[in-house]
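Before we start, here is the structure in question, set down as C-alpha cells.
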Amino acid sequence: MNSWVLTCLWLIPAAPFAASLIILSLSKARRKSAVALAIIGEVLALALSILAFMPTLQATGFRAVQNFNWFTFGEHTLRLGFLLDPLAAAMLVMIALVGLCIFVFSVGYMADDKNFTRFFAYLSFFSGAMLGLVIANSLLLLFIFWELVGLASYLLIGFWIEKPSAAAAAKKAFITTRIGDMGFFLGMLWLYDCSGTLLFYDSGNGCLESAGLAMLGASATFIALLIFCGAVGKSGQFPLHVWLPDAMEGPTPVSALIHAATMVAAGVFLVARVYPLFSVDAINGVTPSLTVVVWIGVTTALMAALIAIAQEDIKRILAYSTVSQLGLMMVSLGVGGVAAGIMHLLAHGFFKALLFLGAGSVIHGCHGEQDIRKMGGLRRLMPVTFMTYAIGMLALSGVPFSFSGGWTKEEILHATAQWPKSQAPYYLLLAGVVLTALYMTRQMIYVFFGNGRSASERAHESPRVMTMPLIVLALCTIFFSVVLTSAWPWLHGYLTGEPVHIEITRLVQPMLFVSLALVSAGVVIGVWMYRKAGVQDRDRPAEIDPLEYAQPGVFEFLANKMWIDDLYDHTVIAFSWMAARLSDWMDRYFWDGLVRGFGGVGQLFGILTASVDERGINAGVDETTAGARGLGRLMSGAHSGQIQTYLGAVAIGMLALLLLYAWLA
Amino acid sequence: MVGLITAIIFVPLVGALAVCAWPQGGGRPIALMFNVISAVCALALWRNFDATAAGLQFVERHPWIPAVGAEYLVGIDGLSLLLVLLTSLIIPFALLAQPVAGSSRAFYATMLVMQSALYGTFTAQNFVLWFLFYEMSLIPAFLLIKIWGGENRDRAATKFFLYTFLGSVAMLLSFLGIYFAKGTFDFAALAGLGKNGLLTGKLAWLAFAGIFVGLAVKVPLFPFHTWLPDAYQSAPTGVSMVLTGVLSKMGVYGFVRLLLPLFPNQIKILGPWLLAVAICSIVFPPLAAWAQRDLKRMIAYLSINHLGYCMLALFAIAASPVVAAGIDTHAALSGVFMQIFNHGVTAATLFYFVGLLEQRRGVRGIDDFGGLMQRTPLLCGWMSVAMFSSLGLPGLNGFIGEFLIFKGSFALAAAFTAIAVIGLLVTAIVFARAMQSLFSGPLPESCSAFPDLVRREKLVIVPMTLLMFAIGIAPQFLFNIFNTTVTQMARLFA
Amino acid sequence: MTPTLQVFLIISATLFSIGLLAVLSRRHAIFILIGIEIMLAAANLNFIAFWRFGPQPQPPTGVMIALFSIAIAAAEAAVGLAMVIAVYRHYHTTNVDQLDQLRG
Amino acid sequence: MNSAAFIVTAIFTVAAALAAATLRNLMHAALSFAAAFVGIAALFFLLGAEFVGLALVFIYIGAVAVLVVFTILLTRRDVGKDRGFNWGGATVAVAVFACLTWSILKTQSLAIGAPHIATLTVKRIGAALMTTYVWPLQCVGILLTAALIGALILVMEERR
C-alpha cells in the first residue's frame, strides 16, 4: 500500500518548488493565481506527506531508501538519495501542516503588500527546500537543501528590501549561517574522505551504517563537531545566534515559518539525523562531541532566556525564546534523548508558529506596532488572538496536562537528569524553565492585560483568514499532546521503534511536579513583578520596565543582548574588515609597488645605459665618424670622374688578382 | 580536406577579414554570423567526439618547420573540447554586450582574431604552435583594452601586456631549454618523458621556474595578479567578459597540459609552497574584493579567487604523495574542469550585468546604486542568480565544481583545503554586501529613471542563466565530455 | 705546326689587351666602344677555343655562350652608340676627358 | 687545321685590331675594326664554329660597324679634333698582355692539340637553341627588344 509514494518521494518537495517557479513567472498583478498556486502546492505536499507517513506506521523501524546517481566524474559516481523513516515522516507532516497554516495566514497578513506574488513564490520555494531537507538520504543532498533554505531565509528576511535594516539583517543571517555552513562543508568533506560515501543508508554501505562508521575511527569526533558547526549556525546556537533575533525584520509569517517552526530546527534535525556519527565509540552514551553539544545547548538556552526578559519587541522576545528552546533541544540530543529532542522540535513547531502568528495578528491589529510597552489590554479587543496566544504561551512555558510543550519539556528534563557526566545541565535547565515562564508572563501582561496604551487604541481583531490558522494551530498544540503523554508515549515509540503500551499510572511522575512547581513559580514571579507594568507605580514612570527600574545595570546588560553583537562588531567584523582593507592596500601598494619597483629598477638601468651611451659609446662613434669623413675626403680625390681612370683601376685590380693567384698557386 | 579543428581556428580569422572588408557599419552582424559558423563547428566537434575514447581526436598533423621540431599539430581531448565550447559560448555574448554606439568594425575584427587565437591555443598540441596562438591572443587583448578601454586604459593595457609578455618570454626560454635537451616540442611526447624526470639538475629548476612564472601570470596566481584588476577594470564590458571567461582559462589549461605532466618531481618538492601560494590566491583576493568600490574590480578579484581553487586542486594532485590515482584525483581534476567552465559562464555574466548597470548610470561604484530591486526587479533577480552561482550556491553551476575541488583537495591536502574554505566565506560576504548596497534600501534620485532589462539584454542573460541552472542540477552532460580525459590524466599524474 | 690551345689563347689575350688599350688610352667615346667590342670578341674567341679543344664529344655549350654573348654585345653596342649620340647632343662633345661630372 | 692559314689570319686579325685601336682617323679606325672582325670570324671558321663566325660577320660588320660609322657621321663636328694619347692606359694594357701571356704559357695543360670533331651543323645548333637553351634565347630576345627601345629613347629628340 502507498508504495508509489515511497518511490516518488521527490514529488513532495517538487510540488512547492514547481508552484514557486510558476508564481515567479507570473506578473505582479496576478495575486489570486499566486495564492492559489502556492496553497495548491502546499496542500499537495501535505497530502503526499501524509501518504508517506502512513506506511511508516505499519512496521517499527521502518526505513525506505531510494538512491540514484547524480553524476559520474572520472570513473566514480556521486550518488544521492531520498530517505523515509519515522523521523523524516514526522518532520514532513509537521512542516507541511504548519506551512499550510502560515500560507493561509499570510494571505491576510500580506494582503496590502505590493510584492504579494513574490512573497508566495519565496515561501513556496522555502517550503520545498525544507521538505527536501528532511527526506535527504545523503549528507550532500541535505547540504544542498540546507543552503537552499538558507537562501530562502535570506530572501524572506530581506523581503521588505527598501528597509535598510531588513537588508542588513538578511545579510547578517546569510553570512552568520554561512560561517557555520563552512564547518558543515568541511565536516562533510572529511566524512566523504573517510567513509567514501555521503549516503546515510545504502543497504549496509552508508556512512551512518556500522560498516561506514567503523571506517571513521578517531576522526568521528572532529567530523561530528564540524557538522555541528552547521547546526550551530542554522539553529541559532551560541556563539552564532546573533542573526536570529535580527531576522525578525522579515514579515511575521516568515518569522513563524522559517525562524521558529522549521528552518531553525533544521540544525536539531541534522544532529538527530547524523546522530550515529556523534555517538561513535560512546561510553555510557557520552562522547566528546555530544558533550560539546550539551554545553552549547545549555549556554544558549539560558543566555537566550535571560536576554528575552529585557526585550521590548514582541517578535524579538519570541525570537530569543526560539533560540532558548533550540538550545533545550540540543541539550536533549546531547544527553542522549534524541526522541525527546525531536518531539520537542515537533511540538515547538506547532506552538511557536502559533505564537508568532499570534504576534503577527497583534502587530496587524496594532497597525504595525511591535513594542510591547505601547500595547496593553488587547485581551478584550482581540479575543481569539488572546485565547490562542495564551495556549501557545502555556505550551511554551511548559505547563503539562493538555499542552504539548509541557510533556516534551518534561521528557527532556528527564533525559538530562539521567546524564551520567554531570548534573549541572539539569539544574541549569530547571532555571531556564523558570525564566521561560517569567518572560512569557511578562509578555502576556504587557500585551493583553492592563490598560490600553497608545498602540492599542485603534486595535481590532484580525480577519478570519488570519484567525483560522491560529485556531488550527492551537488545536494542534493541544491535541498533539495526546501522543506525547508519559501514559501513552506513542510518538516516542514511533521515533525510537520501541513498543509502546498505555499505562495510566505513569502519568504521575515526580518530574511532573517539579516542572509544574517551577512553571508556577515563574508565572507567579512574573505576575508579581509585572502586575503594574505599563502604568505609573510610585516614582517609576509608566514606560520604564519594572526590572529596569529595580536593576538598571542588569537590565541594560540583557537589553543589549549581553553585548555579544557589539563584541562581534568590534572584534570579528572589525578584524575582517581590516584584513580586507589590508589586502587591498597590499595589492595596490605592496605587490603592485614591488612590480613598479622592478619597473623602476629597469628604468634606472635604462637611464644608466643611456648615460654610458651618451658619454662613452657615443663619443667613440663621433670620433669614428669624424675619421671616416676625413678618409672620405681623401678618397674622393681619387674620384676624378674620368671613366678611363676607373677602368684603368679595374684593370690594375684584375692584374693584381691574377698575380696574387699565380703567387698562391 | 580541411579538418574541423582547422576550420574552427580559421573561421574567425576569415570573419575578421570579412568585417574589415565590409563597407561602413554592420560589423556586429558579420561577426556574429561567423560566430554562428564557428559555433556550428564546435557543436559538430562535440557531436562527433567519442567520449569514451582515450587520447587525442580529430588530429591533424602537417610538417611546418621541421628544422626546429615545429609541426602543425592540432587535436582535442575532453579538456580541449570543453574549452572550445566555452569559447564558442562566451564570445558571441561578449560581442552582443558591446554597446553598438561605441564600437567599430576594428573592434569586432580584433575580437575575432582573438577568438581564433583562443581556439588555436586550446587545440594545438605542439609547443611552437601553441605558443604562437598563445601570444596571438595577447596582442588583440592589449589592443582591445588600449583602444576601447575606460579610464586608465593606457596604464592598464601596458601593465597587462608587460606582465603577460614577460611571463611568455620566460616560458619560451624554458621551452627552448627543453627543446635543446630533448629535441621535441610535442606535448604528448614531452608528457611521456616528464614521467621519469624531463630534465635534471639546475636546468630542470630553471625551466620549471620559467614555465611556472609564465603560466602563473596568466592565471593569475598570487602574487603575480596585480595586472588583473586594472586590466579587467579598464577593459570594455565585452572584453572583460572574454578576458575572464576564456583568456584566464589559458593559464589553468597550461598548468594542466604543461607544468603538471612535465615537472612532477619539482612540484612534489615544492608542493607545500605551491599550495600556500594557491591559498593566498584564494584568501586574499576576496578580502581585497570586499574593500573595492568599483564593481568590476570587485568581480575581477573574485575571479582570481575562483581560479585559485583550480590551482589548489591541481597542486594538491601533483604534490600529493598518493601513488595511485583514486577517487580524489578524479574528483579534483573533474572539479577543476567544471570550475573552468562554470567560472567562464558565471564571471562573464556578472561582468555583463555590471556593464548593464554602468550603461544605465554611467558609473559603477558599489555605492552609486541603491534600491534597484524596486525599480528593476528583473535585472536584480537575474543578477542575483549569477551572484549566487559565483558564491557556490547548490543548485547552480558554481557548486558542482567547487564541491568536487574541495572533495578532492581535502583528501590530498586537508590542512590547506580547510584554510581555503575562508575564501568561500569571504566570497559570500562580498556578494552579500554587493547585493545589499545595490538592490536594497531606498531608491536614490539618480537611479529612478532606470529601465529594466530590454529584449536584447534578455537574449544574453536568459540562456546563460538557464545554462547555470542546467549545470547545477544535471551536470552529467558536461562530465561526459571529459570523464575519459580525467581518468587518463589522473593516471598520468599519479 | 698545328696551332695548340695556347696559341689561340695568346691571340685572344692579345686582342683583349688591344681592346683594353683602346678603352684606356683613347679620348674619343667611340674608340672606347670599339675597344669594348674587341674585348668581347676576344672573350668569345676563348669560349670557342675551349669548346674546340675540350674533350669530345660534348654539347655545343661554348658555341652557344658565344652566340648569346654576341647578341648581348650587339645590344650593348646599340645602346652604347645611342648614348654617345645622346651625350654629344647634351655636351656637344664626345671627349671623355670632359665628361667628369661624376668627380667626387 | 691549316697552320699556314691560321698564321696569316692571326697576324691579320691582330694587326687590324691594333689599327682599330690606335689609328688617329676615326673613319680609318672604324674600317680597321670591321677588318679585325673579319679576322676573328675567320678564326672561328678555323675552329670549326662556322655558324658563330657567320653570325659575327653579319652582326659586327653588317650592323655594329655600320652603326659606328653612322655615329661618327652624326657626331661629325667633333671629329678630327686632336686628342692626346693616354700612355698610362697603354702601359696598363701592355702589363695585362704580358701577364696574361705569361700565365697562359706557364700553364702546361693548355698545350694540347685539337681533337677530331664532328661537324657542328646548324641543325644541331638550332635544335639546341630550341630545347636546352630556349629560356636564355627568350631572355636574349627580350634583352634585344629592350635595347632597341632603349636606344631609340636615348637618341630621340627631347621635346619641350
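Here the chain labels run A, B, C and D in written order, and each chain numbers its own residues starting at 1.
The rule we apply is simple: a contact is a pair of C-beta atoms (placed from the backbone, for glycine too) under 8 Å apart; a residue touches a chain by one contact, two chains touch by 3 or more.
Not measured: the values here are computed from a predicted model.
*Asks:* Name, by label, each chain that touches both members of the pair chain B and chain D.
*Replies:* Under the touch definition, chain B and chain D have A as mutual neighbours.
*Asks:* Would you identify the chain whose C-alpha centroid lies closest to the centroid of all protein C-alpha atoms displayed?
*Replies:* If one averages C-alpha positions chain by chain, the most central is B.
*Asks:* Just grab the chain with the largest centre-to-centre distance to chain A, centres being mean Cα coordinates.
*Replies:* Ranked by distance of C-alpha centres from chain A, the top chain is D.
*Asks:* Looking at chain pairs A-B and C-D, which one is connected by more C-beta pairs in contact?
*Replies:* C-D
*Asks:* Where the centres are mean C-alpha positions, what is the separation of chain B from chain C, in Å?
*Replies:* The computed centroid separation for chain B versus chain C comes out at 75 Å.
*Asks:* Averaging over Cα atoms per chain, report the distance between chain A and chain B in Å.
*Replies:* So the centroids are 33 Å from each other.
*Asks:* So how far apart, in whole Å, are chain C and chain D when each is placed at the average of its C-alpha atoms?
*Replies:* Their C-alpha centroids are separated by 6 Å.
*Asks:* How far is the middle of chain A from the middle of chain C, if each middle is the mean of its Cα atoms, in Å?
*Replies:* Once rounded, the distance between the two centres reads 107 Å.
*Asks:* Indicate the residues of chain B shared as contacts by at least two other chains.
*Replies:* none
*Asks:* Note the residues in chain C that touch 2 or more other chains, in rising order.
*Replies:* As it turns out, chain C has residues touching two or more other chains at 20, 23-25.
*Asks:* Can you tell me which residues of chain D touch two or more of the remaining chains?
*Replies:* Chain D, residues with two or more chain partners: 86, 88-89, 92-93, 96, 100.
*Asks:* Where do chains touch, given as pairs?
*Replies:* A-B, A-C, A-D, C-D
*Asks:* Quick check: in the complex, which residue numbers of chain D touch chain A?
*Replies:* Contacts found on chain D: 86, 88-89, 92-93, 95-96, 99-100, 103, 106.
*Asks:* Under the stated contact criterion, what part of chain D meets chain C in this complex?
*Replies:* Interface residues on the chain D side: 1, 3, 6, 10, 13-14, 17-18, 20-22, 26, 29-30, 33, 36-37, 40, 43-44, 47-49, 51-52, 55-56, 59-60, 63-64, 67-68, 70-72, 74-75, 77-78, 81, 83-90, 92-94, 96-97, 100-101, 104-105, 107, 110-118, 120, 124-125, 128-129, 132-133, 136, 140, 143-144, 146-148, 150-152, 154-155.
*Asks:* So in the complex, which bits of chain A are touching chain B?
*Replies:* Touch list, chain A to chain B: 70-76, 118, 140, 143-145, 147-148, 151, 158, 161-164, 166-168, 170-171, 174-175, 178-179, 182, 185-186, 189-190, 192-193, 196, 576-577, 579-584, 586-587, 591-592, 594-595, 599.
*Asks:* For chain C, which residues are in contact with chain A within the complex?
*Replies:* Answer in residue numbers: 20, 23-25, 32, 96-97, 99-104.
*Asks:* Could you list, by residue number, the parts of chain A that touch chain D in their complex?
*Replies:* 644, 648, 651-652, 654-655, 658-659, 662
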